[in-house]
Every structure is written in C-alpha cells, then in structure tokens.
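First chain A sits with chain B, and in the next complex the same chain sits with chain C.
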Partner chain A sequence: MIGALNLGWLPRAIILGLLAFAIFGPLANLALWAFAEAWFFPNKLPSQWGFRFWEVVFRPTGRAMEALSVSIWIALLTVAVSLAVSIPAGLALARGRLPWRALIMLAFLLPQAFPSLPVYINVARIFYQFGLNGTVAGVVLVHTLHGLVFAVWITTAAFASVDKELEQAARNLGASGLRTFFTVTLPLAAPGIVASAIFVFLESLDEFTGSYFVGAPEIQTLPLTMFLASMGGNYQISSITALILLVPSIGFMLIVERFLKADVMAKMGN
Partner chain B sequence: MAAVVIRDVEKAFGSTKVIHGINVDIADGEFVVLVGPSGCGKSTLLRMVAGLEEISGGTISIGNRVVNHLPPKDRDVAMVFQNYALYPHMTVYDNMAFSMKLRKADDKLIDERVQKAAGILNLREYLKRFPRQLSGGQRQRVAMGRAIVRDPQVFLFDEPLSNLDAKLRVQMRTEIKALHQRLKTTTVYVTHDQVEAMTMADRIVVMHDGIVEQIGTPLELYDHPVNTFVAGFIGSPAMNFINGTLRNGGGSLRVETAGGQAVRLQAAGKGVDGQPIILGVRPEHLSLGAGNEGIAGQVNVIEPTGAETQIFVDTPAGSVTAVFTERHDFAPGTPIVLKPQANSIHLFDAQTGQHL
Partner chain C sequence: MNQSRGLSLLLVTPALIVVLALFVYPLFYSLVSAFTDRAGSFSLENFDKALELYLTDTIFTVVIIGVSTALIALVSIAIGGYLTLGENRRAVAMLAWLYRWPLFVPFIVAAQCMRTFLAKNGLMNNTFVSLGLMDVASTQSFLDWRGIIVTFVWKQAPFVTLMVAGAMASLDRSTIDAARNLGASRLRILLEIVVPQVRGTLMVGLILSFVTMMSVLSVPIMISGGSPTMMTVDMAYRINAHGDYGVANALGFISYLLTGAAAYFYLRQSVRERSA
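Take a look at the complex of A and B:
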C-alpha cells in the first residue's frame, strides 16, 4: 500500500493540461499583448508593461470606442430585425402545417453551408446596386442573414416546446387567438426567444466578413477596427479590442445557458 | 346551464373517417360519461363540443344554439384537460382567475369567485404557489377550479383522472361527483375506465369505433346490454361469453355449449332451434351447482380479495370466471359445476353480436 505510487491521474492531467493550453494559450498571448508597451524580438516577454494603449483605446476621441458603439447599435438593430422575422416564422414553422417545412428550415441554414466569402461578395455586389453598401442598413441586413439561422431554429424550437393544450385551454377559457398568443404562447416561449436574441446579438457583434465587404470603409465596427489595427502591426490595440469583444460573449454565454432549457433543446430541428 | 344536443355528428381527418354519425341528447344539468376503448372517438367528440376540433358533419347545439361555427371562446364551456394544461408561468390564483381576467371583470368579483372555488376545492392555502409546486391531485383540483371560476354552461372533462394513482383516482371521482351535485352544471365526461363511468354517470354513452353502441343509465347498461361489445365492456370482472347452439324443443329452451354441455334457460319460446348463439353470463351470476345443472370444469386459479372470491375455471367451452361473496378454498384442478342464474342469462346472436 505504502510506496505503491498511483499514477492513474497522470494521463488525465496531461490531457486536461494540453486542453487548457489550447484554450487559454492564445488568450494569454492576447492578455500579454494588451499590457505590453514594448515587446521586441527575441524577448520571450514584453520588456515594458503598462496601460498606455488602453488609454489610447478608451480615449474619448479614440476610434475604438466609436466603433464599439457602432457595433452595439448594429447588433441591437440586427436583433430587432431578426426577431421581427423569426417570431412569425418560428410560430408558423412550429404550429402551422406547412408544406415543405423541412425545406424551409434548411433554407435558413443555407448561408451557413456555403463558404462565407463568395456569399458576401455577391451580397455586396447586389447591395451596391441598391445603394446599401456602406450603410448601417446594409450591414444590419448582412448580419440578419447570418443571425436568422439561430433566430429561426431556436425560436421554432421554443414555440414547439409550448404545450398545444395550454393554448387550447386559453381559447376554451375565452381568449381570442391573438390574446392566447400574447398571454400564453409568447411568455412561455420567451426564454428560448431571449436565448436566440443573445446568439444573434453576439454573432453580429463579432461578425467580420460581411461587415468588411458591405460596410467598410464607411461603417467601422469593432472587429473591423481590430482587423485594421493588426494589419497595421498595432498588436496592442487589436488585442485590447479583442478583449473588449470577449466580455459580452462570455457574459451572455453564462446567461444563455440558463435560458436554453432542455425541453427547448430537445425540439431543435424538429 | 344548458342542454347539449349532438345530431348526426361526423368527423374525418383527411380521408379517414373516425366518427360516423353520432346522436346524443344531454339534458340540462345531466352528468353524461362518454366511455369506450382508446381510439373510439370519445375525446374527439368532446373536443368538437369544445370547438377545438372542426365538425365534419352534423350539428352540435349548446342551449338551443348551434355552435358548429362558433369559436371556442364563445361557446361558454369549460374543459378540464387530461394533463391539466395549467399555466406554468402563473400562480394558482392567476390560473384560476384567467377566464375572468380575459373578460376584464373587476378585481373584487374575480377575487370573490376565485376564493369561492378555492374554498370548494380546498385550495385556499395554495393560491400563491405555482403549479410545479403542487402534487398531481392538487393540480387536478386547480384545473377544476379554473373551470369552475369560468362558471360555464357546460363542463367538459377529458380523462381527468388518468394521471393520478389509484387511491387518489377513487377520491377525486367522489369529489367530482359531489361537485356536480352541488353545482348542477351540465357535464360531459370522457374516460376509458368503465368503473369511472359506472360510478359517476347519470347516463353513459358507450362508444366503439366511432359509433354509439348504447346509451343508458349505468344499471340499464349493466342489466340490458344491447350487444356483446357493451356486455363485455361494462362490468368488472367482464361478462363470460360461451359459444353454443340454441336448442328449442321438447318444451324447454337449452343452450348446448361448445364443450357439449347443456345450460337450461328459463325464457321459453325465444329463438330458433339450431341457431348459433353466444351465451353471456356475468361472473357474479354464477353459483355452485352439481351434476348437469350447469357448466362443469376444473378450478384453475383462486383469487381471494376478502370481500369476494374470484375463481377462474377451465371448461370444455373455454375459461369461465366466477365471483362469489362467500369464501371458497378449492385446490387447483378441483372439479366444479357453475350454475348460471336463469333470469340473468344473456343470449346474443353469434353472427351479429346483438342481444336476442
């Protein structure tokens, strides 16, 4: 017993360690760059630390802050447009006896199925004809195209998980169809809809390719700022921007986990 | 309160017809149970009364008003669903007040009605809870409370007790019946359980494959079933059916059973000699006999329940069940003769299953 060294934990520890490195390694690099004032080859670590670049980013006249507010506005508008489509669509897909239902669900997946570059280049070409390039509306539309996948699929699942008998009971108790929707169906589907809104919001906030082709250079979202900063060799600015973008992602993910209940997940794609 | 008249009602899902012209007259204040095996169309019929299913043919009237094209909210009926259909996002109070709030009644009246219903159903202390915090029986009561607060012309119950355990089911059965005696609201109650139907109903509608087999009071159905389906469905343990041939001659009426035994009948003159028939006799209408007084066989299994003793007997004509109020203790294999009470025998046509 004594002296018999149990090394059974070792493989597990190594795998967990490697996994942690794969996840946190790049993030650690980000964090290093965010606080590095001087870091030259061949130094393993920055030679000078500080908050100088944070001041640059958060300076009231800084481009990054302006880009952040543009990004948030676009994300909110994208959520609004997505929900305006996904709530009626989700209700119809979950409740109506639509022909070609599976095909319609797949159609919302299509933009994801193709490589995004050719999709967005074509969108940009078409938007150009309508004068949508370089406008907030254009960028919102591109983000909506992307966000509708989450919005429609999750919203459909959310409506499908509402027991039909609850709606029938409401109609039996004297509610009109519209009243039933607003007092029973919508409140019960709300957690799923909120979850889908969060996904759409985060997708829009982080979206790069579409914004680049449709929005740039007039519309500067935060990911675009980050891209331009890193292209210009300004790793500090791009790292700080990336960290800013991480905050809502991590925060909302924790919330989404609470909203997406097992019964909604079970209805996904049904 | 109102009478419900169901006239030639049909229901088809696409090309599949599930209800084939049903006629039922439900009097004002009556408690009618629709009973039948699953798939007989009883729930569909109830949902058509509620307006939750379209009526494919015929008419349904509630209180002299044809409701075929009336939306559910205007039919003034309150349904209690099998799974209760309580709103998980509302408290018990709000669930019960739901119909009144839809009508925009004033808060004082709502409170009065909810408190009254809660009082009747012993729910006062649970009003602030959510449905998930209640037991099955309590949820069932809330569902009933919600229907009571609506103060409808007709109550509709769709297998309301099937999710409860046996003990609670018996208790709620009595409660629902007491509630009906108190409120005297016309009630249509759907169940697949014939004991529920027998114990609760003023009248029972026995349904099978989308048609009405028989309508009558519980004892009418028990004493005078019109065919083998009703005879076999009503009563527990179920009626024994023995195939045989009618022998009408020599001044006596007999049934020659498939096993070659004869059962003497009291009724004279009815039936044609040589006609193939089904002899129906309830387990409780068999007594112990001797010699050739009845159907001979061997004891297979004895089930004593205390109040009565159930004996399963193997006879040449098949297995026969007998129930005795006195206690018996036969070893398996004991020869035994079962004598049917002559005035409680049912004869059915072997082809059509109709009562002779």
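Take a look at the complex of A and C:
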C-alpha cells in the first residue's frame, strides 16, 4: 500500500527527465564537440579530448576573434542607433498627444507581420545602389530595423509605467519639462530601457539572415563565421563559436525578469 | 509630461523613417519586382517559373511550418497548463526553470546543436543505444524534414509558452477553484476553462512564431541539405546563383500570402467570436 502510494512521483519524474534530455541534450552535444579533438564513427564519445581547437579559435590573429570584435562593434552601434530613435518614439507614444496614434503603432508592428527574408533581399539590392552593401553601416541599419520593433514597444511600455504624479510633482516644484524628463522620467524608465538595449544587443549579435544578404562576404560576423565553419564540416570550430554566442543568450534568459518587471510587461501592447 | 502634437510627431519621426525606409520601401520594391518581367513590364512570368520550379518546396514549407506550429501549440498548452494547475510545487518549480532555456538561443546555434544531436551517430541515438532501448543497426538520422520540425519546436515552444503561461497566471482563479471543487479533472479544467480564456494570447504567439519560422534560412540549410527544401533556401539560391530577383521576389510574395492567410484566419475567428 505504501509502496503503491509512493510510486505516484514516477511518471512525473520520467516526463521531467525526458524534457530535460530534450532541452539539454542538443546543448550537451554541442559542448562535447567543443572539447573533442578526435571523434569518429562509431565511437559514442570523443576518443581524444582537449583544448586544441580553442587555441585555434582564440588565437589573436584567428578569424573567429576578428569576427567576434566585428560582431560586438556592430551590436554596440545598433544599440546606439536603436535607442536614439526608440527613446523619443517611446516617449511620444506613451505620453504625447499623438495624432494617428493607432496607425503609427501599426507601422511599428508591421515588420513583425511579414517574413523578413524577402525584405532583406531587397534591402540588400537597394543598399547596393548606395554602396552600403558589405559595410558595417549597412549591417547596422539592417540590425536596427530588426531590433527597433521590440525597442519601441519595450521603451513605450517603460515610459507608460512611470507614475505621472511624480512628474507632476516635479513640475509643481518648478522643474522645467526637460529637467523633469532627465531627473524623474528617464531614471524611472531606466530598467525597461536597459532591458530593451540588452535585447537589441543580443538580437544584433545573433542575427544571421540580414548579415548574410547585406554584409557577406566583406563583413564576417560571428554567426556567419559559425555558419561557414559548420557547412565546411569543421564541427569543433563551429561548436566553440556557437558556445561563445550562447553565453550572452543564456545569461539574458536568466536575468530578463529582473529588468522586465511585471508592471512593464502589463503595459506592453497598450 | 504632456507634449504638444507637433513635438510628439517630431519625436516619433526618426523611428518612423527607419521603418519606412528599411521595411516599407523594400517591401514595395519586392512587390514590384515580383510582378515585373526582365523587360520591365507587368507580367506573371516570375510566378509561373516560381511555381514550376518550387511548387513542391512551397508545399513542403507549408507542411513543415504547419506541423511545427501545431506541436508548439500543444507543448505550450501542456507546459503552461501544468505550471498553472500542477499540484506538486517542486515539479512546477523545476518545470518553470527548465522550459525556458532555449528562449534566447539563436536559430543558427540551435541548428548547430541539432545537427550533431539528431545525426545517426548523435547524442540522441547514442543515449538510446546505451540505455538498451535501441540497437546500433536500427539507428537512423533525423536530419531531414523531421529535424527541421524538431529544431523549430525546440526553439519556438519556450517563447509561446512564456506568453501563454503569463496569460494563464493572470486568470481569475475563482472559476478554476469552483470547477475543481465540483470534481472536474485537471485536464478538463485546462481544456474547457483555461485554454479558451488564453486563446487570444496563444494565437498571437503562434502567428509570431509562424512568421519567424517563415524567415529562417540557417535551420533548413544546416539541418537538411537535400531536396525538397524550404522556400527561404530557394530564395537565397535564386539570388546567389542566378541573381534572379524576379523569381526570388515571387517566392517572397507567396510567403507573404501564406503568413497573411494565417493572420486572416485568426482575425476572422476572433471577430466571429466577438459577434457571437
């Protein structure tokens, strides 16, 4: 009787175990390849382990390190451009008396409603006429478009969640509109804006399709390098590069809720 | 801070310019290119050629993304449902911690993971063989249409689950508790009380996923190299190998239509529900 009662946990444990295998299995396989120096069929595990390929990747003159710095540089520029346009837009959408507000919100939703690949093909074609193909500026612009939708939505939600009475109090105490914005509104909305900046940074760091059409072959970002290594059959190099890309992604997943608080999430889409 | 209309418009203008110049303009450019022949006049030539060459791939794309979307819906309802109705607190906490790991993993990294995991000699088959569930001779590679579906579900299900679980958590608990007191099973509560109330959120999540999967190039290339393949690969091939923007844009237009159809069915259904 007691034994039968206690077995109740078993199906639950099996299902959780299978789910854990499905989620971590692919990641574990990636990690195995990153440390495999030799792994041939039909061995179940690598026959030789080591850091030889890490040395190849992290060699200062290596292609991957160059790609990493290009990727980070592009991501930082993308964040700068994105915030420069999305903070004013978010402020206007959250607080302003905006004519045609619904139509403007729709314009910011539009890129989410269409598959982006055919659009990127034509962006590349247009950029080609302006000499923007294969330049950092071209890739930054494509990544900005990619991140802008989320940036505008998150910053709008962040500004909307700032208590209007605090701003009113500052104004009543004689602060100018500009001063109120910089000393009250902006600091209170900061966590949401930081979240959108991190998000745009990650989206840019991970972006593949746009960089593939607009940047390659002149601009080699980390995802492009990873792709070429993988298609060339070099699983060690591609797995190590993939692990580098994974670190910020997993990190953000673990901290995202600290920035995107419930009150900001609740204002999303309003 | 209440600004005047003029100032508000001024503030929103730079962001609008980015969307107009980098999205709306190229979108129109692609439409014009799709309906123009090489001589520059209006024609459906590109569509004839696109369907002649890539009809199979178009069907293949619709099936893969349709099946993936259905599986994502099932997984997100199951996980969200357990997170909302689960009685074992430790299992709920573990599940909440577990399901979201792939959330921000880039598609290209997911593809690389699956490329090794699902291979004939990958970790999945090796684990099954080691556990004695399978013998080496009967292992097979999943690097084909099945691999694409697995990768899409692995990557997108956590995203939809996050939205669905959030909506479920903010539901009014009283109806759920009342149904439970009346002796309804948890499965019935999930399907008859919880899911109908989060249907809107679920559909938005699924449509966003659908559109995202329609744009992914890396997963079909890296998981399944052969034919048939997905439309995104065909578009890239038309550009890279032939510089053929006409046919690529015709395929692009077809992919707009497919996502448009998905959005239309959702909108029609929600309008019908509201008027009912």
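Note that the second predicted complex is superposed on the first by the 263 of 270 C-alpha atoms of A that agree within 3 Å, B and C clash if a C-alpha of one lies under 4 Å from a C-alpha of the other, contacts with A are read in each partner's own complex, and residues count from 1 in each chain.
One rule holds in what follows: contacts are C-beta pairs under 8 Å (C-beta built on N, C-alpha and C of every residue); 3 or more make two chains touch, one makes a residue touch a chain.
These figures come from a predicted structure and were not determined experimentally.
Contacts of A:Q129 after superposition: neither chain B nor chain C is touched. Touch criterion met: A:P187 reaches chain B, while chain C stays clear of it. Once the two complexes are overlaid on the shared chain, A:R179 sits against chain B while remaining clear of chain C.
Which of chain B and chain C touches more residues of chain A: that partner is C. In the superposed model, A:E165 makes contact with chain B only, not with chain C.
Where the contact sets of chain A with chain B and with chain C meet, they give residues 171.
Within the complex, the chain A residues that touch chain C are 9, 12, 16, 19-30, 32-33, 41-42, 44, 84-86, 88-89, 91-93, 95-99, 104, 107-108, 110-123, 125-126, 141-142, 144-145, 148, 152, 167, 171, 177, 180-181, 185, 202, 206, 208-209, 212-213, 223, 226-227, 230-231, 235, 238-239, 242, 245-246, 249-250, 252-253, 265. Residues 50-52, 71-73, 77-79, 81, 83, 85, 87-89, 98-99, 102-103, 146, 150 of chain B are the ones touching chain A in the complex.
Residue ranges on chain A touching chain B, taken from their complex, read 163, 165-166, 168-176, 179, 183-184, 187-188. Note for the complex: chain C touches chain A at residues 1-5, 7-9, 11-12, 14-16, 18-20, 22-27, 29-30, 33, 88, 91, 94-95, 98-118, 121-124, 126-127, 129-130, 136, 154, 166, 208, 211, 214-218, 221-222, 232, 235-236, 239, 245, 248-249, 251-253, 255-256, 259, 263.
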